[in-house]
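First subunit A sits with subunit B, and in the next complex the same chain sits with subunit C.
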Partner chain A sequence: MTSPPAAGTFMLDGRQVEFREGESVLAAARRHGIDVPSLCYDDRLEAFGGCRLCAVAVKGVNGFPASCTTQAQPDMEVETRTPELDDLRRTLLAMVVSENGSERLAVDPLRGLASQELQEAVADLNPDLDRFKGATSGSSRPDDANPFILRDYDLCISCYRCVRVCAEQEGDYAITVAGRGFGTNISVEFDGHLRDSSCTFCGQCVQTCPTGALADRKAMRFAQTEEPPPLPTRKERRT
Partner chain B sequence: MTAAFEKTRTICGYCGVGCTVDVLTRDNRIIGIQPALDGPANEGALCVKGQFAYDYVHHPDRLRHPMVRNAEGVLERATWKQALRKAAAGFMQSAERHGRHAVYGIASGRTPTEADYMMQRFMRAGFGTHFIDNCSRA
Partner chain C sequence: MYSNSQLIEMAGQQPAPFLWLLDQFHRRDERLTPDAMRAIASGLRMPLADVYGTATFYHHLNLGNGSRSNPRVCTGPVCRLRGSEQWLADCPQAQSMACAGRCDVPVPILQGDSTHRLTDSALEAAAKGPLPVPNPGGLPECIFEHIRQPHQATYEGYTARDGFQALDAALDSGPDRVLQTLDDSGLAGRGGAGFPTGRKWRSVQEAPGTPKTIVCNADEGEPGCFKDRAILEYDPYAVLEGMILAAFASGAELGFIYLRYEYPELLTQLEEALTACRTVGLLGPANKLGSDFDIHIRRGAGAYVCGEEGSLLNSLEGKHPFPRNRPPFPVTHGYLQKPTVVNNVETLAAVPHILRHGAEWYRDLGRGDLVGTKVISVSGDVQRPGNYEVPFGFPLSELLYDWAGGPPSGSNFQAASMAGLSGGFLSANDFDVTLDEPSLRSCNSMLGAAGIIVYDDTRDMVDETRVAIEFFAEESCGKCFPCRIGSRRLRERLDAVGPDTDRDEWLDEVNDLGRVMRNLSACGLGVAASFVSDSLVRNFPDQLEQRFEAPE
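Now for the complex of A and B:
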């Protein structure tokens, strides 16, 4: 991969930094070693702007735009860490956490490559985990007895990274978002099982999931932090 | 949470694409595979084989040495030299008895271009048949 050429400079947390053509504020910040929190962001995918944790303060702009969907512009002045921003992020993160219940934030790293992102964001920002406790979205599918991908949607925070990686990277469009509000869940056609869908079991949804709601079922055989759901037997897979 | 496994950067052993992977091991045993986001060929992607098909490595059924059939048709442990001689004799016998097109070569998708070139030369120049294909056609 060749990087696009440098397109100018802007002020980032008081530092003059260069940005590349078409680069978002978030991408430029991370490239310059500034850790802006995020949950729905995967730098291989189109920016989604869903979780809003990457909100930043831009001089002369009302409100706090998401830095993943804000293109870096010459001479803009951006702050990524202010007490006000962290307050906002704590509120947002408390809402995200309420989606899956704070009891199951710690998940085994064998679940997937990105599975620690939510608990790391919580450790970073320290929100009030019980502030919005109540209704949750997403129900696990223990009935989906495929041998590879555990669909543990009780942990889902509806960041849509799995759906987007399936479409944008794998080109498969096997999974989709169904329902609205607390009825939101990740689904395949007719609400069925992955093996009856166009899923190729490439595992990219597993590896981009920031909560472990999608997990590497085979690796989970070796999980140490909790009892992993067992792999289905051959007979169970057939039925 | 302490990392309860080691990560070793390597290249997937399946096809010729050469995806970069991190193999997760504990006690010198493979317990998982993760794609490398900075892998130049795959940029974080894998297929079902590279991602999940690693149990063969420690499988008790895995062959650890060459085997050939004895006069009773039972497989016995052999040296590489014995096994290759036996295979060569079988190929040559088939070609002699049924003609050069009785032999058909399927090159592996796991091999590099140079090895595949050698394979097609082996079939075309060696056996004199154009019956040479590649497993990736399936």
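Now for the complex of A and C:
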């Protein structure tokens, strides 16, 4: 696959950089090695603009637009890090951590591919983990006894990457956003179990979850065995 | 009573079928059953999970054991001043609803499709709100020019004066003349955003893609705002003429009125008005515009955020009503990603008057360099609540003391909310402001949709702030993190303010929550909540400090 041609250049943190046709500021920045933090972004999905951690300062634009939903434009001047932005992001991340409490921030990497992203953002921005304490928003479904996907929504931060990957990549539309505001939760129809829905247990949702709220039960079971079982030899596989 | 398949078939013949079906099934079954949601999902080829998830977003849809006919008692900020929470507690089968847009005649109770008014002494039918009183200053008006004329709300009454004359003239002179007059008039969006109307219509006219759409935003959900209700009740044809002119000027073929759930009587009245317009060839196939332009009413289902245009368009399309990322804007990518005008009721109602009288006339209605007029809803602790049309730049004190009659006898004004609740609370010390954005912005507030709730000196502004923040927390959609988490945390802080609270930490957190919400929220809802909490800290520090002190 060839990448689209450069469509122009813009100023990014004082550097003149090229961007591609239709590319967002966030995508261009990451391609040029500038790490703009984000929790709701997955480059396979349509940009959502939910977490707002990727907010940037754009010259001539009021406020701080989300860089994931801002198209790069010729002659745009963007700052990804200013003292004010750093401070706003750090405070926002403290709010995010407060949503489920800081106690369960560390999760087993075997839960899923992206499961360390929240911790990594915390390590990067170093927010005060004890601020903004209050009610937690999670609503785990320990009753959903399917063997593949652990629905540990007590860790959920409502980025909806799972819902979006299910629709946009897998085409299953099995899960949805239910409720509103702080009470939002991830659900199948009628608040039921995955096996009664159109879920195919493909695991895409597990692998895009940035907090480990969705986890790969098979991988975790594997980790719980003392010694990994020896791989079958080629001869054994043939028989 | 229609069967599932009959309803699905009827829905298939019209645009924006999802909201229509939700309402029909909700009426038929008194609640939204899993069977109905399955029928909608298969009928509209939507994922069942999404039908369910989107239905759970709306306050008024009963998915559980409740019934559509259960009474809903308004617990908006004004109705709470009248004790509505107590009434709600006394009535076990009732449920609470957010501000229902009847702050001039509190407390409304919505039951099925009818509204009643509950007062200390009686429960009475209240199909319509009060007519705006004659302009107390004797000033020339635009929106209310004819609203008090007898039978203005009927086709015959509307056309007996100069109704549809602006349209007839426009049909003679052409769309560009309409756009030019609007540009010259300086008319800007009266829902609060203030975008120039002529420019919006022209952008849609010039944008590629059909069908183009006109949406009248009648989802008046801002607490303390009830102006759109009055305009639609007493001068609905002015709004329809404005929409037809918008369609003519921009080349639109499709029109919607997105009407809030809490105005059921208007649903009937507007359907009748649309029928009258179709009968005389103003709407429908091969109409006087030479198009097939028609208008469809879609009823919201209870969600403040749907007054935000991106949410409104998603709601119309049957999607989850999250705000949309902008750009692109609705003028190029609106309803079904086609060019779309979204205008507030008041904006549309102004257009026929401006076209008849001319741009110069409208400009001159404003004070100083300011252009035109604004309808302001005044309610709360004031002698004469109601809708008043004022020139931009009119003094707030003159409106509250002279026009609205001042505070109830024996008390003094203490505070007033601005932009409904979205502009936070002004202290009475700031009542020398004028009613326009530059003046109010200088007080860290805004005029917005122009609802003003007045509080006298018997009110506790910490409590009133809590009521306001509770509203925003309840209505936060859940899309963006700053608002979803911040509105909840602000609510908890306001619930907890007291002598056991660490004052410095409290202030530090509330200031930081507000700062993040103001700077990083994806739409105006989170910004508004920060205006409210900031205004408490800035304008009422004494009352706040008192809360931190131990009672004597």
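One rule holds for everything that comes next: the second predicted complex is superposed on the first by the 220 of 239 C-alpha atoms of A that agree within 3 Å, B and C clash if a C-alpha of one lies under 4 Å from a C-alpha of the other, contacts with A are read in each partner's own complex, and residues count from 1 in each chain.
Just so it is clear, a residue touches a chain if its C-beta (ideal position, glycine included) is under 8 Å from a C-beta of that chain, and two chains touch if they have at least 3 such contacts.
Treat the numbers as computed from the prediction; the structure is a model and nothing was measured.
Participant: Which term applies to subunit B and subunit C once both are placed on subunit A by superposition, clash or fit?
Facilitator: After superposition on subunit A, subunit B vs subunit C: fit, no clash.
Participant: Which partner does A:A55 reach: the first (subunit B), the second (subunit C), both, or neither?
Facilitator: Second partner only.
Participant: For A:L88, decide between first (touching subunit B), second (touching subunit C), both and neither.
Facilitator: second
Participant: Of the two partner chains, subunit B (first) and subunit C (second), which one does A:S187 touch, if any: first, second, both, or neither?
Facilitator: In the superposition, A:S187 contacts subunit C only.
Participant: One more residue to check, A:P109. First (subunit B), second (subunit C), both or neither?
Facilitator: After superposition on chain A, A:P109 lies in contact with subunit B alone.
Participant: By residue count, is subunit A touched more by subunit B or by subunit C?
Facilitator: C
Participant: Kindly classify A:F201 by the partners it touches after superposition: subunit B alone (first), subunit C alone (second), both, or neither?
Facilitator: So A:F201 only meets subunit B here.
Participant: Examine A:V25 and indicate which partner it touches, taking first as subunit B and second as subunit C; both and neither are also allowed.
Facilitator: So A:V25 meets neither subunit B nor subunit C here.
Participant: May I ask you to decide whether A:A145 touches subunit B, subunit C, both, or neither, giving the answer as first, second, both or neither?
Facilitator: neither
Participant: For the superposed arrangement, tell me the lowest C-alpha distance between subunit B and subunit C in Å.
Facilitator: It comes out at 20 Å between the closest C-alpha atoms.
Participant: Could you list which residues of subunit A make contact with subunit B in one structure and with subunit C in the other?
Facilitator: none
Participant: Which of the residues in subunit A come into contact with subunit B in the complex?
Facilitator: Going by the criterion above, the answer is residues 1, 44, 106, 109-110, 112-113, 116, 147-148, 169-170, 200-204, 207-208, 216, 218-219, 221-222, 224-225.
Participant: Show which residues of subunit A lie in contact with subunit C when the two form their complex.
Facilitator: Checking each residue of subunit A against subunit C gives 39, 47-53, 55, 63-64, 66, 69, 71, 88, 91-92, 95-96, 98-99, 131-132, 134-135, 137, 157-158, 167, 173-184, 187-190, 197-198.
Participant: Which bits of subunit B are touching subunit A when the two form their complex?
Facilitator: Those residues of subunit B that touch subunit A are 1, 3-5, 24, 26, 31-35, 37, 40, 43-48, 51-52, 55.
Participant: Taking the touch rule as given, give the residues of subunit C at its contact with subunit A in the complex, in rising order.
Facilitator: Within the complex, subunit C touches subunit A at residues 34, 37, 47-54, 56-57, 303, 320, 325, 327, 473-482, 484-489, 492, 509, 512-513, 515-516, 519-522.
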